[in-house]
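Input: structures, listed below.
First chain A sits with chain B, and in the next complex the same chain sits with chain C.
== the complex of A and B ==
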């Protein structure tokens, strides 16, 4: 509809003016029709009265064939300015007398014949018989000018136009004011709704202007707002409360790990240090068994130190924020391999890295930790092979970048795969392979923080494959 | 009476850590001119010749300070702040030796102008190696401004 998208104020105004115009037009047309009808009837009536009068006056002239008398009777029509021509015909229907005399005879019908009054070229004209004692003795012709009607209609038209313009203007002014009765409460409602959606200000209230349906709507709207505001408030309170709790917990955790790192390591260092000092200073005076005991103390104190360090690293990463950026995984992998090669030669290993390893959106430092751990794992568990092999590849997936690291190492029993990514969970003894059980737990934790997944496949004695994935649309997520 | 020259000021509340540190330094012959104080307050007294160290008014400052962070009374960060804010001591190299690997401690120390930050390893061999390397580097390799 043509009014659909314009503001409600104009909509109401236009509707009012439109209806008003329609009423006005219909009324004017009605009046005009009536006016024409009335004028026509009046004219006809007048013509028959005038015609009747002239007929009865001219019977003697016709009977006695007195043309002068007849002409004089006709000339009395000068008092009727609307009658422009008149003529009398004798019993043989021949022209007998005319009015006005100045008019040429040929402007009159040459023969008389009874015709009702009708409209011809801007005139009404017609013939009526002249009767004497029920006998027709002649005919009267009358021609009536209707310019007067045009004049009247013209005046009427001008009045109609003036009235229309005036009432149009009045309607416009009135509608401009009257539409406010409806539009003001609606606009107030709309304004309040906009304020709420744009500013999330639930304390906004729409003003009520009356007790009609709009007033009821305003009341309901305000009530809904109050409820929504209350809900929002409660929710905010709850979030604030929870955040506070979380912060407290986080602070506790922080001070806990701080004291763990400081207070636990100091005595451990003393155990390790004094045992070493004892061995250095008195080792030659203690027998082989005693020396073995001392070695065990030194070794296990060292192991506990590593354990504490790993645990602290684990909790630190839990608290670390993920900073997303484009990560070139291929470069990252070769960086990790280089770094690991410095610690212990990887020359023995056949390591194949796929050329098409896809980049992803992730935290560079954290993903480096992931690669260090998974590659380190593969290196460790294939170290007892004569020809250890490690393959770093990816799997095509529409939603995720899936990376896989396979080795031909000892593998593990799939029965225990659920324990693989748990903290301190190990599938091999310390005697077989050293470790704290933190490495893959850390991988899982970092990948989860990226909203990715970790999983694994393995065959005992044949090797293992570790998978981890990073979502492709990572940018749209929020991270904690 | 001449005031003995001090090369290393060791600020460490843990006696065992102190003993192990001194032992490691002695092995490379750097422990002869070492003074060990047990907390931050004592360290500041030593450096600014207050209290029991009043007779050090005109003494040369130590050539290097080994400073623990977690100590009773006045902690290492506070001592570091005072050292680096005083024209008399700001040029003395300060090495933080601590068990804390906490990022916040490391950042804070470097903001205050620490010269080195070392995390004490649990393993004694690594610990001894770190301490002796530090001593050798700061006393022999590194050239400090002449503070006399």
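== the complex of A and C ==
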């Protein structure tokens, strides 16, 4: 409908003006019809009155065959400008006298015959008998000009136009004020609803203007708002409570795992130290089988140490505060690559780093750990390739800096992608690739602390791509 | 002058006389219609009739110039619901109850006697006699340009209690009595 999308104020106003116009049009058409009807009957009446007078006056002229007198009687019609032609016919229906005399005789019906008054070519004409002593002694023909009707209708039309314009204007002004009765409470409701949705201010209340349905609606709305406000408040309270509980729990857990890891390290160092000393001092006195056992003890103690170190690093990150600064990611990446190259030669790797790697706002030390881990991961899982390749690139995004690290390594089954970033979760066995299962969990934890995201794609045997993102405008956020 | 010529001349004379006779007949046929028509434009007082259905009587005094035309004209006609009757009177003292009296002849003395005989009665008097209106007659026929016109003495009609319709007066010349020059409606003047 054409009124569908316009404001309610205009809707109401248009409806009022539309109805008013319709009423006006119907009324005017009615009056016009009535006017035409009245004019018609008035004309008929006038013609019968005038005709009656002429007939009565002309009886003597007709009976005494006096054409001059009949003509003179007809000439009195000059006072009736709407009668354009008139004629008298004698008892034998022959033309007897005409009006006006200037009109040609052939413009009149040559013979009289009783015809009721009717419309002919913009005229109203007809014949009526002239009676004397109940006997018809002749006929009177009258022709009436209808232009008077058009003139009258023209005047009527102008009046109708003026009245319409005036009342339309009045309707417009009135509706402008009257529509407020309905639109004001609705607009107040709409305003309140908007305030609630935009500002989440549940203390807003819509003003009540009356006790009609809109008043009832306003009351209901306000009641609903109060309930929603109460509900939202309760929800917030609950969330705050739970968050606090979670935080406490988390802190406890972290300090627990930290202290556990920390406390585990001392006896482990003792085990490792004594096993090493045993092998050095008494190795030659123990047979080969015993030496093999000691090697296993030393190796496993070493691995356990690494595990504990990683775990400590992981839990430390949970406690560490993020220090935001502008980080030049390209430099950071080449720094990491350089460092890794010292540990083990990366000469046989083809490593491509995008020139346009964007900078971001983050904790320099933590982001370095991220890169070390994701690049180390890629190096590790592509190490069995003859021509291992690693690509470090980014993805354009309006809200985030998205970095991606692809390799042509062993990949993994996407079925287990949800386990990828979990602590101690490994998709490959220790025999295939060494590792503690901490690396990507650490990456996830650091990126999460930057309010970023981590995700991955892979195909078994073809390689994997790890993504992580750091939000833009990160400086505006507060970090704990 | 030969006999044939004499006969031919006689025949011619006869034809002319015949023609004259036809014209006179035509004139009185019209005048008969006029007499009847006058009845339709004149109002008699109610007591001029003995009853509601009593006939309206047209009388002819003296010689009858109409032949049978009057009877033919009024036959079957009614005026205000009354039948019309024709009566003929030879002498003025024979004039009885009639409503319209045509006084024939061209003699001033006869017409004067006729008028005298209608005095005090509601009788409309009509004649061809030129001085008829001067003698207090009411309607006089005139021949003008081959047309029959009439002159009316409204005063005389009024004193006889007769009302002549203005429609009739429109068509008539109005006679004004020089002795009592009063403002009577002015009619057609030719």
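Keep this in mind: the second predicted complex is superposed on the first by the 244 of 480 C-alpha atoms of A that agree within 3 Å, B and C clash if a C-alpha of one lies under 4 Å from a C-alpha of the other, contacts with A are read in each partner's own complex, and residues count from 1 in each chain.
Keep in mind that, in the parts below, a contact is a pair of C-beta atoms (placed from the backbone, for glycine too) under 8 Å apart; a residue touches a chain by one contact, two chains touch by 3 or more.
Owing to the predicted nature of the structure, the values given are computational and were not obtained by experimental measurement.
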Check the residue A:69 against both partner chains and state whether it touches chain B (first), chain C (second), both, or neither. second
Please indicate which partner A:4 is in contact with in the superposed arrangement: first for chain B, second for chain C, both, or neither. neither
Considering only the touch criterion stated at the top, classify A:60 as touching first (chain B), second (chain C), both, or neither. second
After lining up the shared chain so the two structures overlap, which partner does A:418 touch, if you call chain B first and chain C second: first, second, both or neither? neither
With both complexes overlaid on chain A, does A:305 touch chain B (first), chain C (second), both or neither? first
Touch check for A:118: first (chain B), second (chain C), both, or neither? neither
Is A:266 in contact with chain B, with chain C, with both, or with neither (first, second, both, neither)? first
Which partner, chain B or chain C, touches more chain A residues: B
Go through the superposed model and pick first if A:285 touches only chain B, second if only chain C, both, or neither. neither
Touching residues of chain A toward chain C in the complex: what are they? 56-57, 59-61, 63-64, 66, 69, 132-133
Inside the complex, what are the residues of chain A that reach chain B? 258, 261-262, 265-266, 268-270, 272-277, 298, 301-302, 304-306, 308-309, 312, 316
Going by the contact rule set out above, which residues of chain C touch chain A in the complex? 34, 37, 40-41, 78-80, 165, 167-168, 170-171, 188
Chain B residues touching chain A in their complex are 14, 16-17, 20, 23, 70, 98-103, 120-125, 127
